[in-house]
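Next up, some structures in structure tokens.
Two complexes, one shared chain (subunit A), two partners (subunit B, subunit C).
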Partner chain A sequence: MTQQQALQEYLLRLADSDIILGQRLSELVGKAPALEEELASTNVALDLIGQARNWYEYAAELINDGRDADNLVFLRDAHEYRNLLMVEQPNEDYAVTIARQFFFDVWHYFTLKALVNASDERIATIAAKAVKEATYHLRRSSEWVKRMGDGTEESHRRMQDAFDILWRFTGELITPDEVDHAMFKAGIGPDPEQLKQDWLGMVREVAAQATVTPGAEDAWMYMGGKRGEHTEHLGHLLAVMQFLPRAYPDATTW
Partner chain B sequence: MYAQMVDTGTKRLKTLEEMSPEERDFQEKIDAETKIEAKNWMPEGYRKTLVRQISQHAHSEIVGMLPEGNWVTRAPTLKRKLQLMAKIQDEAGHGLYLYSAMETLGADRDEEIQKLHDGKAKYSSIFNYPTLNWADMGAVGWLVDGAAIVNQVVLQRTSYGPYSRAMVRICKEESFHQRQGYQILLDMMREGTQEQKDMVQDAINRLWWPALMMFGPHDDESPNSQQSMVWKIKRKSNDELRQMFIDQTVPQLEFLGCTAPDPDLKWNEETGHYDFGEINWKEFYDVLKGNGPCNRERIGTRRKAIDEGAWVRDAAVAYAAKKQQRDAA
Partner chain C sequence: MIEREPSSVDILIASDRVPANARPELLTEEAIWELLDNVKDPEVPAVSVVELGIIRRVDWDGKHLTIDVTPTYSGCPATELIEELVVEAMRAAGIRDPQINRVLTPAWTTDWITEEGREKLRAFGIAPPKGNASKMSLLGVDEVIACPLCGSEHTERISEFGSTACKALYRCLDCREPFDYFKCI
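Let's turn to the complex of A and B:
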């Protein structure tokens, strides 16, 4: 894998995780448990999709095969998507929605924090704006993890269940592969070992305050999103998201 | 807009002589265009009418998120997805803002929402129609927000201060939404395929009449309007507003290269207005009574969101209480 290929892969991972989580959140529009939460949740979705657009635009320039950001979003099939498995998991219980967001936000925050100092100027610029948004996302989702974990008996049970359901998808966030290593070496991505320690540290701290028990570090982990092997959920999500451009391939403007 | 047939609880208008000194003082303030504020004395009927109207308006913003939410997961480009999501978020913000204005009158948000879920409170009939193709996202912005603006621009001068100020802010955002909606249609008509053009005409065919119904019944069928006009809660009659809307919308329709599903629609040189056909009032009252295509789904979705979210809100309250206790200790 060349440096250029690794960079493209890495950008698609960032972009794909953003768009898929944004899409999941958009499914909840009009259905949040409170009006204030409706606004907050949509804010996060808007930030993520906005960030995705920035990453895609850069990725499209590098790929340079005539595809633009929209093509990358709407005309790639599931195996071409590079998002984390975590973000494609369905909404189900609101505790799952929040826990999913929290696990992602911790990863996102520390990743972007490192990308702010990337040797690649374009990446550093995008990350500088994105990290501000991610800081707010993380504050919000950690607060909700604590509220639910240390709220009522029912909310505690639901948050603990959510941790248990989603824990197997956390390994992928902190297990580096060839691309992650290459990006670190190139002075772009975070130090994988540091990212892992930061992620585990913050998750444990918030979990302790929320009185929920995180899974074991050596638990079995379900991985594959970063190389395009997804859970069954992604195909359905894409079927909905990509419907119009797929159904009307001759349409060049919307 | 979004308030249709608001009950004022009055059978006939009182003359100034029949009024108590407080009522008279109040009416004179209104007549002098002085805004009524939350702390001012107001007749109970005025307060109740406003609570009904503002809550209806707020409910409409909230229920109105759903027809658009139906397409937000299927928006065809990143730009359109971001736009649509931001628009829906604005509507949630309007809802919140209007509920706050309503609470200045001593009403309770949760109670009013409960009335909505129990089928006791109304919201605009337009949101009981389905959104069946992507062009509906353009047509809703153009026609529905357009109709709402015609009403709300006038409501910026409504007599109750908090409501009037809410309208000023909301109007700005709605105008933006309307232009955005029209642009969606215009882009499809100018650069789209035949299939896309057909979508636009189809959306207009389905939403045209329901948009005209948003202004409510004819003036002579609107018994509460008179009191609302005297209190300057309403400032123009339903028929006046509907005519204003048609007059401003038909040229835009023609510019799109589309038609309205109304064979009687034509320019009248003498009156300087467009003539148009009769609204299907049976359909209007049916929808108001709950028998529109999506009434059950809309309320069902809202009820489910709030009912299933109860444990989330309870958790927040319980956590806040624990935190307060800990902080105090």
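Let's turn to the complex of A and C:
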């Protein structure tokens, strides 16, 4: 894999994780447990979709095969998506929605913090803007983890269940592959070992305050999202997200 | 005939027209900034795009105009509309082909909101950003936000996100009114 290919892969991973989580959160429109939470979820979705656009536009320039950002989002199938498995998991119980957000936000925050200093100026520029937004996302999701975890007996049970359900998807966030190593070597991506320590450190800290128990570091983990091997949920999500542009390819306004 | 103030709808309809008698070459760069100061943020119409600090640069040589605009948030849905409103305002002044440059760096910060802008936000019922954006804490305690309506500092945050991504939702525990807080970023 050339460095150029690794960079394209890496940009698609960032963009795809943003857009898929943005789509998941958008499903809460009209369905969130409280109006304030609907506003918050969709605001976070909006930030993520905006960040995704910035990453996609750069990726499209590098790929340079005539596809633009919309094309990459609406006309690729599941096996071409490079998002983390975590973000495609369904909303389910609201504790799951929040825990998923929290696990992602911690990863996102530390990743973006490193990308701000990327040797690639375009990446540094996009990250400098995104990291400010991700900081607010993490503030919110970590507060909810604490409030639910250290809340009533029922809310505690649900947050612990959410941790247990989603823990098997956390390994992918902090297990580097050749693309991650190549990006670190190129002075772009975070130091994989540092990212892992930062992620585990903050997750354990917040979990302790929330009185929930995170899973074991050596637990068996689902991986493959970054290579295009996804859980069954992604196809269903794409079917909804891509329906309109696929059914009406010449639609320009909706 | 009933006289009325032109509404934003009229401006939109007239957008492609450049007044025939306009003399844009007489405009100074300062005058361009004044024109921009009349363009309101569509989501927070209390402040202009200049007061919000999103106009980063104006380059005008009497013929060619380039304006650098930076979005507040990556996903701000008003970005395109703001750019259109800026173009329309320039066309209305007779400048035919203003160029809008979208810049991401340096990233917008609430520190760029002018003093006047902050005062207008407060008068509009939105608590202006407090403190310095660089000192925003990740997991720490929040600043005390004064109620923009009664001034009380006895307030509490309801949600980190309000009606738009740039605002949080607060409530005053004295006058009991809910209000928006323009977040530090």
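Note that the second predicted complex is superposed on the first by the 249 of 254 C-alpha atoms of A that agree within 3 Å, B and C clash if a C-alpha of one lies under 4 Å from a C-alpha of the other, contacts with A are read in each partner's own complex, and residues count from 1 in each chain.
In this section, contacts are C-beta pairs under 8 Å (C-beta built on N, C-alpha and C of every residue); 3 or more make two chains touch, one makes a residue touch a chain.
Everything numeric here is computed off the predicted structure, so don't read it as measured data.
*Asks:* For A:F74, decide between first (touching subunit B), second (touching subunit C), both and neither.
*Replies:* In the superposed model, A:F74 contacts subunit B only, not subunit C.
*Asks:* Touching A:I49, do we find subunit B (first), subunit C (second), both, or neither?
*Replies:* A:I49: touches subunit B and subunit C.
*Asks:* Could you let me know whether more residues of subunit A are touched by subunit B or by subunit C?
*Replies:* Looking at subunit A, the partner in contact with more of its residues is B.
*Asks:* For A:Y248, select first, second, both or neither according to whether it touches subunit B, subunit C, the two together, or no partner.
*Replies:* first
*Asks:* So in the superposed three-chain picture, is A:K129 touching just subunit B, just subunit C, both, or none of them (first/second/both/neither)?
*Replies:* second
*Asks:* Tell me which partner A:L39 touches in the superposition: subunit B (first), subunit C (second), both or neither.
*Replies:* Both: A:L39 reaches subunit B and subunit C.
*Asks:* From the superposed pair, tell me which subunit A residues show up as contacts to subunit B and also as contacts to subunit C.
*Replies:* 36-37, 39, 43, 46, 49-50, 53
*Asks:* Where on subunit A does subunit C make contact in their complex?
*Replies:* 36-37, 39-40, 43-44, 46-51, 53-54, 109, 124-126, 128-130, 132-133, 135-136, 138-140, 142-143, 206
*Asks:* Mind pulling up the subunit A residues that touch subunit B in the complex?
*Replies:* Interface residues on subunit A, with respect to subunit B: 23, 26-27, 29-39, 42-43, 45-46, 49-50, 52-53, 56, 69-70, 73-74, 94, 146-148, 150-152, 154-155, 158, 240-241, 243-245, 248, 250-254.
*Asks:* Could you pull out which subunit B residues touch subunit A in their complex?
*Replies:* For subunit B paired with subunit A, touching residues are 62, 65-66, 68-69, 72-78, 80-82, 85-86, 88-89, 92-93, 95-96, 99, 134, 184, 187-188, 191-193, 195-196, 301-302, 304-306, 308-320, 322.
*Asks:* Of all residues in subunit C, which touch subunit A in the complex?
*Replies:* 71, 73-77, 104-109, 133, 136, 138-139, 158-165, 169, 183, 185
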